[in-house]
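The structure follows.
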Amino acid sequence: MDWQARFGRPPRYAGVSTFAHVPAATSPDGLDVAVFGVPCDSATTYRSGARHAPAAIRAVSGLLREYHPWWRVAPFEALRVGDLGDVPVVPAYVDETLRAVRDWTAGVVEAGAFPMAMGGDHSVTLPLVRAVAARHGTLSLVQFDSHPDTWDTEHGQRHGHGTWVRRAVEEGLIDPAASVQVGIRGSVDAAGDLDEARALGLRLIPMDEAAEIGVAAVVARVRETVRSPVYVTLDIDAADPSCAPGTGTPEVGGFSAREMLALVRGLRGLPIVGFDVVEVCPAFDPGQITALLAANLMYEMLCLLASRG
Amino acid sequence: MDWQARFGRPPRYAGVSTFAHVPAATSPDGLDVAVFGVPCDSATTYRSGARHAPAAIRAVSGLLREYHPWWRVAPFEALRVGDLGDVPVVPAYVDETLRAVRDWTAGVVEAGAFPMAMGGDHSVTLPLVRAVAARHGTLSLVQFDSHPDTWDTEHGQRHGHGTWVRRAVEEGLIDPAASVQVGIRGSVDAAGDLDEARALGLRLIPMDEAAEIGVAAVVARVRETVRSPVYVTLDIDAADPSCAPGTGTPEVGGFSAREMLALVRGLRGLPIVGFDVVEVCPAFDPGQITALLAANLMYEMLCLLASRG
Amino acid sequence: MDWQARFGRPPRYAGVSTFAHVPAATSPDGLDVAVFGVPCDSATTYRSGARHAPAAIRAVSGLLREYHPWWRVAPFEALRVGDLGDVPVVPAYVDETLRAVRDWTAGVVEAGAFPMAMGGDHSVTLPLVRAVAARHGTLSLVQFDSHPDTWDTEHGQRHGHGTWVRRAVEEGLIDPAASVQVGIRGSVDAAGDLDEARALGLRLIPMDEAAEIGVAAVVARVRETVRSPVYVTLDIDAADPSCAPGTGTPEVGGFSAREMLALVRGLRGLPIVGFDVVEVCPAFDPGQITALLAANLMYEMLCLLASRG
Amino acid sequence: MDWQARFGRPPRYAGVSTFAHVPAATSPDGLDVAVFGVPCDSATTYRSGARHAPAAIRAVSGLLREYHPWWRVAPFEALRVGDLGDVPVVPAYVDETLRAVRDWTAGVVEAGAFPMAMGGDHSVTLPLVRAVAARHGTLSLVQFDSHPDTWDTEHGQRHGHGTWVRRAVEEGLIDPAASVQVGIRGSVDAAGDLDEARALGLRLIPMDEAAEIGVAAVVARVRETVRSPVYVTLDIDAADPSCAPGTGTPEVGGFSAREMLALVRGLRGLPIVGFDVVEVCPAFDPGQITALLAANLMYEMLCLLASRG
Amino acid sequence: MDWQARFGRPPRYAGVSTFAHVPAATSPDGLDVAVFGVPCDSATTYRSGARHAPAAIRAVSGLLREYHPWWRVAPFEALRVGDLGDVPVVPAYVDETLRAVRDWTAGVVEAGAFPMAMGGDHSVTLPLVRAVAARHGTLSLVQFDSHPDTWDTEHGQRHGHGTWVRRAVEEGLIDPAASVQVGIRGSVDAAGDLDEARALGLRLIPMDEAAEIGVAAVVARVRETVRSPVYVTLDIDAADPSCAPGTGTPEVGGFSAREMLALVRGLRGLPIVGFDVVEVCPAFDPGQITALLAANLMYEMLCLLASRG
Amino acid sequence: MDWQARFGRPPRYAGVSTFAHVPAATSPDGLDVAVFGVPCDSATTYRSGARHAPAAIRAVSGLLREYHPWWRVAPFEALRVGDLGDVPVVPAYVDETLRAVRDWTAGVVEAGAFPMAMGGDHSVTLPLVRAVAARHGTLSLVQFDSHPDTWDTEHGQRHGHGTWVRRAVEEGLIDPAASVQVGIRGSVDAAGDLDEARALGLRLIPMDEAAEIGVAAVVARVRETVRSPVYVTLDIDAADPSCAPGTGTPEVGGFSAREMLALVRGLRGLPIVGFDVVEVCPAFDPGQITALLAANLMYEMLCLLASRG
C-alpha cells in the first residue's frame, strides 16, 4: 500500500522535494506542464552558484499551497503538473550543455507539455527557445531582466549568459519586432550597447522608464508589442537586490516583489508557450527570499496557464 | 554602591540585554507596560526558530533611544516600562504552553500593566487574547498578517499558528465585526479559505487591495471597523521578505518598512489594550533587519501608548 | 520512455533529491533498507531547526558514490535501498508525533526492511525503538551521544529529547545491561545525573575516558557489552562542534570526524536491526559539514549492512 | 611585456581588486579623481566592522562597467580615475586617525584630484571636510543620512561618528545655512536633538517629510539650499535596511535603492568638490547588496563628475 | 510576588541573558566571582567585532548546567557568582578605555570578588592585570595564545592588542620568570620577535613544541614555572580555527577543543586570582562554536575555583 | 612622491589586496616566485564557487607577516615574490581555459619564476603541469587530495576536476612511479577506481593508512617516492571539513590543520618546481578559515623555497 496514502502527508516543509510537492515525473507524457531544472552556472560572469538554484527553489516551494485567491484558480487541479527533475547538463562544456537542454526541451514540447524551466544561468534560455520555436515557430520574447544579453561574444566566445538574445535573433527563433525587454538598467560595456539591442529590433523598456510610467503602463506596452506565440524569460535580477540578493550579477534599483507579481499577472491571457526563471544564486541568498520569489513567480505563471482553461 | 551609577552606562550595544535597556522586572507590579517574550516555535508550519526571537529582538533593541521625533514623546519617561523576561513555555506540549502564556498574561493584566509580547510563533496570540479578554471583555482585533489564521485544524489538531483566530472567534474573545485583517496574500489550501475567514465575520484587506488604495485608506478602514477595546497583533510576515526575511512562512509582495511604520502610527488614539509581534525567525535573518523592524514597531506602539497621556 | 534512461543522469548535485540518489519509494515492500526522515524539532531544549535535517542531509548526500574502498562493498548493489520520504509528524503535538513515528516504523520493520531514520531531535528514537523492539524483542542500545538522555522529565513532561532513554528502559524496550552510551560529556543538572544513568544499568563511556583509552578500546568495550539484537542511535553532537556545529545542544570536546568513522566501522559484524542519526540542525551549519558527516555515517552503516551478506 | 596586454584581462570578478578595476595609483598626481578607503570603525556606536568596507566595496565593484546609459557618459574615459589604496588609520587612536585622514586628503586635493572616499565609520568625514575646506573654503554640505550627527559629545568624547557635523560647523568648515541633511529618522537621545541640529542652522529633511513630498521635491530643496562649493557625504544607512542591511546603526524606513540613485542623479551640475560613502559594514551584508549599492552610488557620482565636462 | 518563583523558569535558551543564567549583579559586593564583559574591539589589527563577544558568550552560555561531572562540583552552589554587566568602555579612545577597565576591575577585587572578564580584544588584559596586581602584587602570567603580544608599539602607538604583555612587564605587574606563554605560532614581523619575548624573561611554549610533547607535559611545564599569585589570560585564538573560527586574528594549527579543556583542567589547584577570555569575534562565528568554547572554558575555570573550597 | 612612502602602510587588513601584500606584478620578469590566481570553477562536480578563491585567499592573506619562526626565514626578503593577478580563464569553455592557463604558466616558467597558483577547481593543474613539464621535463607529482582524479572521463568528457591526473600520465607529464597521492578517502564510483589509479603506477597513501602510520611516516614515504623535479598540488579537501568547510566536494575524515602544516614542512629540501592550492570555495567558508589555511600553506611553501637558498 502506498505509504503516503496510509500515513498521510508530512508537513509542507518535509518529504522528498519536488517543486511545490507536485509528483515527480519520469516523462512528460500526459503532463500539461513539465517543471524541470537546468542546473548549470558555467556561463556566469560574476558570482557563480546558479547550478544549485533548482534545488533551492524546490526547497522553499513547499510553501506554495493549492489555491490562488487573486487568480481564483487551483493550478494543480486545473493542470497536470509534474516535476521532471534536472537536465543532465555538462559542467564546463557549453556546447554539450546547450544540446542537452535543447533535446530535453524538444522532448517536452513534443509530448505536448508546457516547458517551465528553472535555471541555471541565462545561457540556458537559448536552447529552451530553440526547442520551443522548433515546435511553435518564431516566438515573441518577453524578457524581464536588468541586462539585454545582446552581446555578440563574451570572453571572446559565442555562448554566455550575455549573448543568447543575439543568437536567438540571428537564428530567427524570436521576432525582435514582437519582443520586449523590461527592466534594463546598470552600466554597460560601451555607449552603443543598448543601441545594439535596439538595432536588433527589440523594444527596450529601461528600468528608469518603467519606474516613471508605472507597472500598468509597462504591461500595456508589453501586450501591444507581442504576437502569438509568446515565450517569457524571467531573469531574477530584474528584481531589486533587496528582494533578490541571491543572483550572479545583481543590479541595484530594480522592481519590487509587488511589481514583479503585477508584471506576471499583467500577461494574463497571452498565448504563452514556454517560461523560465533564471539566475537564482543560493549561495548569496541566506534568507532564501530570492528562491522564494522565483518559486512564487513560477506559481503565478502556473495560475495564468490554469486560468486560460 | 550601584555599579552603573558609579561607572556609567556602557555603550548601547553592550550590557545585560533587556528590551531597549529598560529595567529587568521581576513582577509587573507598578509597570505601565510589561514587555515579555513567548519563546516557542513548536507550532510553526515551515521554518522553525522563532523561539529565539525574543533574544534577537532584545539584542538589536539597544539601538532604540529615548525620544521619538515623529511622536514627540519620550516613552520610557512617560511610561514605566519593564522587561519581565520570558514565559516558561513547554516546547512540544502545546496545551501546557497555551496555559502558561495565558496565566502569565493574566497576571500582567491583573497587575494593571499593558502586555507587550514578543513571540514565538503566532499560536501564542490565542492565550494572550484569552487573558486580555478576560480582563477587558470582547476585543476588536487588528491583525497585520499575510495569513488569516482561520483554519479549523492544522495537521489535524486544533492549535497551531494557523488556527488561533478561529478559536478566538469561537470562544467569543474577539468580535469579528469589529475586527480586521490587513495584508492577507499568498496561496491558500482551498478556494474557500478566505471566504471562511469572511464567513467568521472578519473584515479582510488583502494585500492587493491595500497596495491599490494606499496605507492612508487602509488606516481609515481599520479605524472605522474597530470598537473599544482593541488588541493588535502583528505578524512580521505582513512585511515584505525584503524587509523581513527572518520569518517562518514568508510571503512575497508585502508591505515595505515605511508602510509598516505608517500602519502602526495610523492606530494613534485607539483604545489599545494589548499588543504582540510574532513570527520573527532569527536563523534566517543574518543582517538582523527583521528583528530590528520588530523592535521598532514595538517602539512605535510604546510611543502610541505614551502619547495618549 | 523514462526520461532519465533517455537523457542520462544529471550531475550528482542535481535532480530531485532523495538520500544518495536512491529511488524514492512509496512503500517499504521489497526494500532491504528503508531510509526516511523524522522532521520534528519541537522537543529540542536549545537551538531549534532539526526539522530541516532530513532535507539538508539529502541535499549533501548526492556526494556519496557507489563503492566504499574501506569496506570493499557497493551498498546500493548489495542492498535494495529506498528513500521513503518523511514521517507525517505533528509539530507541537508530541504524543501524536510519537505515535506517527512508531506506526510508520512498525510498517517498515513488518515489511522486513531495516529502518534507517534521519531525525529530528532525539525524542524520535523512543518510537523508533518501540517499533523495532516490538518486532525483534528487547534491544541492546549503542548510543553515541554527548548527553545520556536519562532524565525522568523535561520541562515537567515525560517526553523530550532528554528523557527517551529512561522511557525505553522503563518500557523494557532495551536491556540496559547490554547497552552502552559513548561520548557523554558536558555539564549536567545535578550531581546525580550520570549516576542515575548508571543506576538504570547502562554502561557509560564518558568522553574523557574515551579520549584516554582511544577509539579501538572504546569499540572493544561496546562489542563486549552488547547482545543481539542491536539498535544504534547516533546523536551528531557526539562529534566535536568543529566537525558538527549544526546541532541543537552542542558540547565542546567531542569526537573528531575520523574517530566517528572509526566508531561506526568498529560495529562491523554486529547484529544491528535499526539505526538513526539525529539532532542535525541546518540553520547553524552554513558550510553543510554537519549534514555531510551525518550522510557519511549513514553510508558507513549501509556498508556495514551490505558487508554482512 | 605587460602580462595583461599579452594575455588579456581576466573576467570581471577576477584580478587584483581595485575599485571598478581602475588602475592602482601610488600618488594622486595626474588624477582627476582619487578613490581611496578610510578603513576605520573604532568610532562606531553599535555593530562594528566598517573597517572592512573598502575591501568589500572593491570586491563587488568589478560589476561596474564602462558606460552609463542614463548619464550617457563613460566615466573612466572622461576622467583619469585611480585607486590610491587605503589611508593608514590608527585603530583605537582617534586623534591620530583624524590627522592621518586629513593629511592624506590634503595631499589629494593639493594634487588637484577630486577626493572620493570609502569609509569607515562616519567620523572620517570630519578630516575629509577639513582638508577639502582648507583648499576650497567654507563648504555647503549635502548629507544623506538617517542620523544628524550633531551631538556635542559621544561617550563623553568630542570625536565619534555622531559628533562630526557639530565639529565641522564649529570649525567653520561648512556653512550650515547652505547645508542640508536628508533622510533623518529614528529615535534620538532627547527631545531637543533635532532642534539642536536645526539650531546649528542646518536644514533638515526628515525621512517622513521626504517620503511625503517625494524625491523630486527633495532634490529641488537640496538644490535651492546649497551654494558653491559642495561636499556630499552619503551614510549608507540613509537607505532602508532592506537595501542596506550591512551597516552599523541601521534605521528602518529609509530610502529605496531607486530613490537613492535618483537623489544622487538630482545633484547633476552642482559644483561638488568632495564625496564619501560611509558606514558600510560587510559582516552584516551576506548577500553583498550593501556594498553593491555603495559601489553604484560612487559610480553615479563619477558619472556626474564626468558629465560636467 | 517574584514572577519566576510564581511561574517557574523558562527553557534554558530563553530569558533575559546573563552568563549561564547567574543573577545580574549591580555590584560585586558579596560575590565570590564577578563575571563581566569588556566590549571593545578598537585595538584589533585584523577582523573587528570582538565588542559583541560578551553578548554572544552570554547567549550560548545558557547551555551550561549546574554540575560538572569531571570536576565533581556544582560551581553556582559552591560560589556566589554574579554577572555584573559590561564595563563602560569608550570606543576609539584607548586611554579612556584602559582607565575604565582598570577602575572597574579595581572595584571588583577590592570587593573581594574574583574577576572573570569576557573581552573584547586582548588590549583589555593590561588594565585587568593592573587592577589585580595592585591588589595581589606581582603576578605570574599564564597566557594561552597564538601571539606573544610583546611588541613595543603597534601602528606606532603604545597600546594595542599586541603590546600589552610588554607594558605589563615594564610596569612590573607580572614576573616574567614566573610567566609562560602557551601555543605561540604563526608568522611574525621580524626574526627577533619571539627572541624579544624571551628577552623579556618569559617562557614560551610554541605550538609546535606543545604538539610534540603533548598537553600533559605542557601542563607540567606551566605548573613548574608559575608562582603565587597567578593570572590566567586565554586568547581564544590559541584554539585551532576549526574550533574557534570567530576570532580577529586566527592562526591555523592550534589546540583542539579537547586540548583546551585539558589545559585549563591542568591548572587545578593553582592560586589563580584573575581570569579573562578574549578575542571572540561573533561576526565570523555563524555556528556559535567559538562563543560556546569560550563559555565552556569560563565554566571550567569556575569549577576550578569552586573545587579549591 | 609615492603615497605609501609618504604616509606609511595602512593596517594589514587594508589596502589594495595582493597576496600577503607582496607587490602587484605586471610581468614575471625578475621574480623568483610568481603568485597568481586561476579563477575558474566550471569543472566542479558539486558545489561551485571556486572562481572566487583567489580573491578570498588574498583577502585573508594580509594576516601573513614577514618572518616564520619554524623555518627561521623571511621569505619576502629571501625571494622576490610578486602577485601577477589572475589568468584570463574563459568560463564555460574548458579547452580555451586550459590553453590560457598553460600559456600563462609557460610565460612564468620561461621567465625563470616559480609558479605558485591559486585555483580554481582542480582541472587547472593539468595545464599548470603541462607548462612546468615543458620546461623541467617529466615531473614527480606530490598530490595532497581526498580524490585520486584519475577518471578517464567526467560527464562523458575528457576534462574535469576528476580526470586531470590520468591526462597528465597519458601525456607523459608526470612519472607515476615517482608520484604519490596522499589522503585519498571517501566513496568512489566503482570497485576498481582506486585500483585504476594504482594501475597508472601511482603510489596511493589512503587517509586511513595515513592516519594509522602518522604524518612523519607519510612524509618519509613521499620523500622516498619522488625524484627530481617535483610538482606539488594541494587540494584543500585533503584537510578535514572542520578545517576546510569551504570546498566543492568535501570528504569527512581528513587531515587536521596541524597535520597539513607538517606535511608541507616535510617536503623541506625537495627540488620543487611548481605548486598550486586548489578547490577553495568561499561561498561555504563563512569564517574564512578555509582560505586562511590555503594562504598559510602557500606561505609554508614560500618558506620552503626561501630556505633552500
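Letters A, B, C, D, E and F mark the chains in the order given here, with residues in each chain numbered from 1 onward.
The rule is short, and it goes like this: a contact is a pair of C-beta atoms (placed from the backbone, for glycine too) under 8 Å apart; a residue touches a chain by one contact, two chains touch by 3 or more.
This one's a predicted model, so the numbers in the text were calculated from it and none came from an experiment.
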{"item": "Those chains which touch chain F and also touch chain D", "value": "A, E"}
{"item": "Most distant chain from chain C, judged by the mean position of its C-alpha atoms", "value": "D"}
{"item": "Most widely separated chain from chain F, with each centre as the mean of CA atoms", "value": "B"}
{"item": "Where chain A and chain E are represented by their mean Cα positions, the distance between them in whole Å", "value": "54"}
{"item": "Approximate Å spacing (C-alpha centroids) for the pair chain A, chain B", "value": "37"}
{"item": "Touching two or more other chains - residues of chain D", "value": "11, 13, 45, 47, 51-52, 88, 91, 155, 240, 242-243, 256, 284, 286"}
{"item": "Interchain contacts (touch definition) - all pairs", "value": "A-B, A-C, A-D, A-F, B-C, B-D, B-E, C-E, C-F, D-E, D-F, E-F"}
{"item": "Touching residues (chain side chain D, partner chain A) in the complex", "value": "11-13, 62-70, 72, 74, 240, 242-243, 256-258, 260-261, 286-289, 292-293, 296, 299"}
{"item": "Contacting residues of chain B [partner chain E, same complex]", "value": "1-4, 6-11, 13-18, 24-28, 37, 39, 51-52, 54-55, 58-59, 83-89, 91, 100, 103-104, 107, 286"}
{"item": "Chain C partner contacts - residues on chain B that touch it in the complex", "value": "41-45, 47-49, 51-52, 88, 90-94, 96-97, 123, 155-157, 159-160, 283-284"}
{"item": "Touch list for chain F against partner chain C, complex", "value": "45-47, 155, 186-191, 193-194, 206-208, 211, 240-243, 245-246, 249-254, 256, 284-286"}
